[in-house]
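Here chain A shows up in two complexes: once beside chain B, once beside chain C.
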Partner chain A sequence: MAAAALREQLNAHIASMYASGMVDEQFQQLQMLQDDGSSPGFVAEVVTLFCDDADRIITELSKLLEQPTVDFDKVDAYVHQLKGSSASVGAQKVKFTCMQFRQLCQDKNRDG
Partner chain B sequence: MMASSSARTERQGRRRIIRVLLVEDETIHQNHPGSVVITRRGCGVMMEWLLQVIARQLLKAVGGVELDVAVNGAEAVRRVRERGDYYYDLILTDRQMPVMDGHEVCSRALTSCSRHRRSVQATRQIRAMGVATPIVGLSSDCLAADVDAFIDAGADDFVPKPLNTEKLDRVLTKFGIV
Partner chain C sequence: MEAPKQEVIGRIDGAAERSAAVEDRKVTPMKETAVVVVAAEEEMEPCVMAVDDSSVDRAVITAILRRSKYRVTAVDSGKRALEMLDAEPNVRMIITDYSMPEMTGYDLLKKVKESSELKQIPVIIMSSENVPTRINRCLEEGAEDFLLKPVRPSDISRISSRMLQST
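Up next is the complex of A and B:
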């Protein structure tokens, strides 16, 4: 009973992520790859990998943006990496934010 | 779920093993020092990153696939040279391609340009060995200039990330692998 309630809660949370645009069809792909039953922890593994790496990249970006002179090439390289991995896991909002971020790098706009 | 599982079993029953070589972007490994995992074949020590994890799962869903991973283009060339032309059915190369538009000077991102050049060089070297294995590039950037350079070097196709079932099926079908 508890497991069923938790499952329902999880499904509701995932549904809200889709509805808010936080995740896209790529996340659905990952769920489908897990649903064949042979890899029950697949989505959790992928999301954990992504979150760990995103955390690292954001830390590096913070350091770079705090410099008196910002190296926009390095910033762009990190954001490019985050964009690729966010697209791979279906983290749509992160991906779109990275695209905007990259444009700001192109414009050399630190304040943006 | 039952239907797809039995369809996969049937496919596996009438098809030989498919061997795929996944070529990673070495900068991913440079950015993740100290992260290690043993590959499927125990060949070297390298980080298993998102694309590899997802690619493994996608290829597992296809069924009957063995996945080898090369950490960079040079290692890919070495593996292909050692294994011979007909060992791999497909080479997928992950490219974190540099952003290059018509107004940017390549020297501004020398490191990115040199990585991109190494990727293209690896493709050229594999083709120069007479290896006809299909080579497909993967990247989240799809600027025409980058894609053209890759195709001109001998790659057969280019797939924008993210890799998914539909794109993988299209590639495998296009080259008659399934």
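Up next is the complex of A and C:
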């Protein structure tokens, strides 16, 4: 009973993530890969990898943006990595934010 | 009865471990033969090498390939891929990211196609960026296909079907 209630909560949470645009159909692809059988913890594993990767990249970005002269090429390279991995897990809002960030890099807009 | 393939067991278990296991009676000679047979079969199973510096993308492409019933070896660089290609004789396809530090997927593709031992291995390039000049360059260098990320299971199914038809 408790498991069923938790499952319902989880499904509702995931539905709201889709509805709010936080995740896109790529996230559904990950769920399908998990449901196909051999890796019950696959989605959790990939999301954990993504969060660790994002944490590392954001730390590097913070350091770069604190410099008196910002190396926008390096910033753009890191944002490109984050955009790639966010697209791979279906983290749509992160992906779109990265796309905006890259535009600001091209404009050399540190305040943006 | 054919003698067990000793060199395979040596690679999997190590001769010392096998001797100790037999002495401890944990492994009987019959079981050792069965392990040899399974190991030999697994060794001969063709595999796909996935190359990507992103741990997230490696996990995703590995899952997609395994869903298509491939055995997968995943590495994080072109340099490591070339090292593994020396050691792994049954690589049937390489699928590599384009943008990687030090050695790009294009550089890896060139190395593979320049090698008399490796050039017959189909190479698929993946990229998150749709750059026509990049795509053409890879195809002209001999890439089997160019996939835009995120790669879908349907992309791999399409490639598998085409490659099966061509064999």
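Note that in this section the second predicted complex is superposed on the first by the 112 of 112 C-alpha atoms of A that agree within 3 Å, B and C clash if a C-alpha of one lies under 4 Å from a C-alpha of the other, contacts with A are read in each partner's own complex, and residues count from 1 in each chain.
Convention: a contact is a pair of C-beta atoms (placed from the backbone, for glycine too) under 8 Å apart; a residue touches a chain by one contact, two chains touch by 3 or more.
Note that the coordinates shown come from a computational prediction; the quantities given were computed from them, not determined experimentally.
Aligning the shared chain A places chain B and chain C in steric conflict. By the touch criterion stated above, A:Ser62 is placed in contact with neither chain B nor chain C. Looking at the superposed arrangement, the partner reaching more residues of chain A, out of chain B and chain C, is B. In the superposed pair of complexes, A:Leu30 makes contact with chain B and with chain C alike. In the superposed model, A:Val46 makes contact with both chain B and chain C. By the document's definition of touching, both partners, chain B and chain C, reach A:Ala87. Across the superposed pair, chain B and chain C both touch chain A at residues 26, 29-30, 32-33, 36, 38-39, 42, 45-46, 49-50, 53, 80-81, 83-85, 87-90.
Against chain C, the residues of chain A that register as touching in their complex are 26, 29-30, 32-33, 36, 38-39, 42, 45-46, 49-50, 52-53, 80-81, 83-85, 87-90. Across the complex, chain B is touched by residues 26, 29-30, 32-39, 42, 45-46, 49-50, 53, 56, 73, 76-77, 80-81, 83-85, 87-90, 102, 106 of chain A. For chain C in complex with chain A, the touching residues are 54-57, 59-60, 63-64, 66-67, 99, 128, 149-150, 152-153. Across the interface of their complex, chain A is touched by residues 1, 4-5, 28, 31-32, 49-51, 53-54, 57-58, 60-61, 96, 99, 108-109, 112, 139-141, 161-165 of chain B.
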